[in-house]
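Consider the two complexes below, in which chain A is the common component and chain B and chain C are the respective partners.
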Partner chain A sequence: MADTVGTYLSGLLIVACFSYLFKENRAFTYAEHLYVGFAAAQAIVLGWSNIKEMGLDPLRQGKFILVIPLVLGVLLYARYYKPLSHLARFPLAFMMGAAAGVTITGVIDAQLVAQVKATMLPMTNLNNVVMVLGTASTLAFFLFIPIGKKAEGVKAANGFGAGNLVRNLGRATIMLAFGSSYGYTVMARLSYLVARLQFLFGRIIPLIPD
Partner chain B sequence: MSSPWYERLQSIPKPAIYATLILVFLVPLIRPMGLPLLMSENTRKAYEYIDALPEGSIVFHSIAFNPAVDAENWPQMLALVRHYMKNGLKIIFYPTMQEGGMYAERIRSTYAAEYGYEYGEDYVILPFKAGGESAIAGLKDFWSFMPSDVDGTPLKDLPLFQGFTDMRDVDVIVPCTGSSDGLFYVSHLNAAYGTPIIMAGTAPVLPFIGPFLASGQVKGAIIGLSGAAEYEILAGVPGQATGAMDAQSMGHLLIVGLVLIGNLGFLYGKRVNGKNGQNGRRS
Partner chain C sequence: MTRRTVPLIIGFLAGTIVLGKYFLPQNAFLDSLGTDVVNWRTIVAAFALGLGAVNLLGTHTMRIARKEKGWDASIVLLASLVTFTAIGLFKGTTSPVYQWGFNYLYQPIYSGISSLLAFMITSASYRSFRFKDWQSGVLMLGAVIVMLGQVGIGELLFRGLPAVSSWIMAVPNTAGMRGIAIGGALGAIALSLRVILGLERGYLGGGQ
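Coming up: the complex of A and B.
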């Protein structure tokens, strides 16, 4: 019963959200407010259950070391009380330090050394040529000094002669990457629409075959 | 006076576009057209890698998505899990988003029995740990970081973990994600132990993982709903994604058509107005 009510309620809310595509209306505003309210409530519940399960419960079982992160967590709120606001810097500094420590160890090898190695390719096929030229020219695009020899009467907008060519190639590579990213984003958004239609016309109005 | 046709092509009312889009999606969903599906190299590599794993190999399946993106990630996860179960692989589910746990529970309640999978012996669900990247880096110290499963049962009491020393015993890591979180596994576990990684992600994730696919740090990838459909076909487990692909293809065709129509109006307007010294764009 609860499942059925939930399914129909979801269907109604989906239709209310889609109604915005045609015109802003009360149904959409109601769905929007409901969403914001639920999202805020869920964030609070999830946050509290994290604190409880990972901090308070183990503390009760005798893991007293967890007092340190719990106190640091409380100190984050000190910034709202001016005489003690400086105390909020301690947990922030701890978080920044821990994040930097955790990140740097993995990033240097996996995202720097391995990636640089992966672009050192023999120029024996078109793929490799595109990869090497694309990477080099993209990096050159971010060099803020003129590259190449100055030809008579040429202004130093991006560089001179060959420098201009390299930067333009870099810009084209970046635009291709952005275009591809945009295309994939459109594809994802359409997938979400398909899923909602599958739900509406599969489970609520059973028109779509199984 | 009505505006010329080339200007009207550039200002088709939005409600008309949305209504057409919904109609174009609905028709193939209700009456599937069976359009052919191109297999991408990334999906094929992912399938071949998983398919070649011997029975009993351990798959560490990370769940880093929530309902906002499950339209793409859930069909991917389901196709992958069915393939693991078909091939008798052991599965460790690890939600790195709090909502991720419910997808693992859905597998436990609905799909595991279909393949005769026993909890604790063939698959285990680990609890969510807050911390994002830290919760993935922490896996390097597995036993102190993860002493029990989602139900609170000590992992050392579960048959799947008998003989399991640390993450080096995992044969492949499969992050199923709606963001670039999967790359944390590359930074921490692939870099430390060389554990192979197969990525399953929403479509916008591909540009982030592309460089790692090219470098071989990620062995294969299932991208978007199309990736899920390709995987369903390759693994012989047809599902929700395959049924949606006709609609997706028709929707893309419509969008390409609209882009062409808008540009046609713009270019023609530019030509006509150019003669009168005006720009072709509508003001």
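Coming up: the complex of A and C.
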């Protein structure tokens, strides 16, 4: 019974979402707010389980050092009490500092070293040539090639236009990458839409046979 | 001093300890301290989630109290927030009631809004795919080949299209995205270093 009600409710909610295509209306706004409320509830429940499992439970078992993050966490709420509001900066600074450290260590491993290593290919076939030149020219375009008015001097500065060549190659690679990613995203979103329509016209209004 | 310098010192120490664990030769004390700091951050961040909920509650309660435009939708938001927080906290996220809400309320709206993007993105492509210069031509060509390569009609038009589409995704797309990823990584490292060294202090807010 609960599942049947749920299935029809799902159908109604999907129709409420699609009603936005006509114009913004109450049904869409209610669905949107219901979603935000649920998402926030999920975040609170997840946050509480983190506090309990990583902070309160080990503290009860005698790991008193955990008083530090718990106090820092409570200090975040000092912003609501003006005389002590500056204390909310302590946990904020702690989070930012630790996050910066985690970002550096994570990015160096996963994004920098791994990606550079994967680009060090022997230039023995077309794929590898495109990969190496494409990656290098994209990077050069972002980091070293001046754009706008400054770009005017590039050709004059290097004499034979290597700067322009790298810039154009970089641009072409970026445009092809963005275009293909865009096309891929369109198709992914369309498959989402097809799945929803299949649900609506297969289970709610049975027009499509199983 | 306490209002600006102490937070900067705390941020510097937290960042340096995490970096020290990674870069310095293995040391049991530093390893455990670094792991602790990362775990503590998760705990503090969990408190920050509550801060977001308090803000949401405050904003929507005020909206209802003042009967501002859309106050009825705020009731839906608060009802959903309070109900599912209570169920999640007291019965657990694996309880049948919470799972029912997740499967029949949260998921359909999420997938409904996600599929709405199909319409938005299609209308955006109609507006952006104009053959103005060679760069916009390359952009359009990449998108059209990948889109046609993934549907049956593409293969009917040109037998090799799916293979070309796969090649574009595997080689030029990877090359471009890799270049962007490396550039982004360098930027993230530079910004993180600025945060640790206290040069970036916008997150502390204005005033003293």
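The working rule: the second predicted complex is superposed on the first by the 140 of 210 C-alpha atoms of A that agree within 3 Å, B and C clash if a C-alpha of one lies under 4 Å from a C-alpha of the other, contacts with A are read in each partner's own complex, and residues count from 1 in each chain.
The working rule: contacts are C-beta pairs under 8 Å (C-beta built on N, C-alpha and C of every residue); 3 or more make two chains touch, one makes a residue touch a chain.
Not measured: the values here are computed from a predicted model.
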Inset, instruction - Return first, second, both or neither, reflecting whether A:A177 touches chain B, chain C, both chains, or no partner chain. - result: both
Inset, instruction - Go through the superposed model and pick first if A:K117 touches only chain B, second if only chain C, both, or neither. - result: first
Inset, instruction - Using the superposition described at the top, determine whether chain B or chain C touches more residues of chain A. - result: C
Inset, instruction - In the overlay, answer first, second, both or neither for which of chain B and chain C A:M131 touches. - result: both
Legend entry - Which of chain B and chain C A:F22 touches, first, second, both or neither: first
Inset, instruction - Could you tell me if A:N50 is touching chain B, chain C, both of them or neither one (first, second, both, neither)? - result: both
Inset, instruction - For A:L190, select first, second, both or neither according to whether it touches chain B, chain C, the two together, or no partner. - result: both
Inset, instruction - Scan A:V102 for contacts with chain B and chain C and give back first, second, both or neither. - result: both
Inset, instruction - Could you look at A:A162 and tell me whether it touches chain B, chain C, both or neither (first, second, both, neither)? - result: neither
Inset, instruction - Examine A:I208 and indicate which partner it touches, taking first as chain B and second as chain C; both and neither are also allowed. - result: first
Legend entry - Common interface positions of chain A, toward chain B and toward chain C: 21, 46, 50, 54, 98-99, 102-103, 105, 107, 111, 115, 118, 131, 177, 180-181, 184-187, 190, 192-193, 195-196
Legend entry - Residue ranges of chain B in contact with chain A within the complex: 14-15, 18, 21-22, 25-26, 29-30, 32, 69-72, 98, 127, 129-130, 133-134, 137, 183-184, 186-188, 190-192, 202-204, 206-207, 211-212, 214-217, 223-226, 240, 243-244, 247-248, 251-252, 255
Inset, instruction - Show which residues of chain A lie in contact with chain C when the two form their complex. - result: 2, 5-7, 9-11, 13-14, 16-18, 20-21, 26, 29-48, 50-51, 54-55, 65-66, 68-70, 72-74, 76-77, 79-80, 86, 89-105, 107-108, 111-112, 115-116, 118-119, 127, 130-139, 141-143, 170-187, 189-190, 192-193, 195-196
Inset, instruction - Give every residue of chain A touching chain B within the complex, in rising order. - result: 21-23, 46, 49-50, 53-54, 98-99, 102-103, 105-107, 109-111, 114-115, 117-118, 131, 177, 180-181, 184-188, 190-198, 201, 207-209
Legend entry - Touch list for chain C against partner chain A, complex: 2-4, 6-8, 10-19, 22, 36-54, 56, 70, 72-74, 76-85, 88-89, 93, 100-119, 121-122, 125, 135-136, 138-147, 150-151, 165, 167-186, 188-189, 191-193, 195-196, 203-205, 208
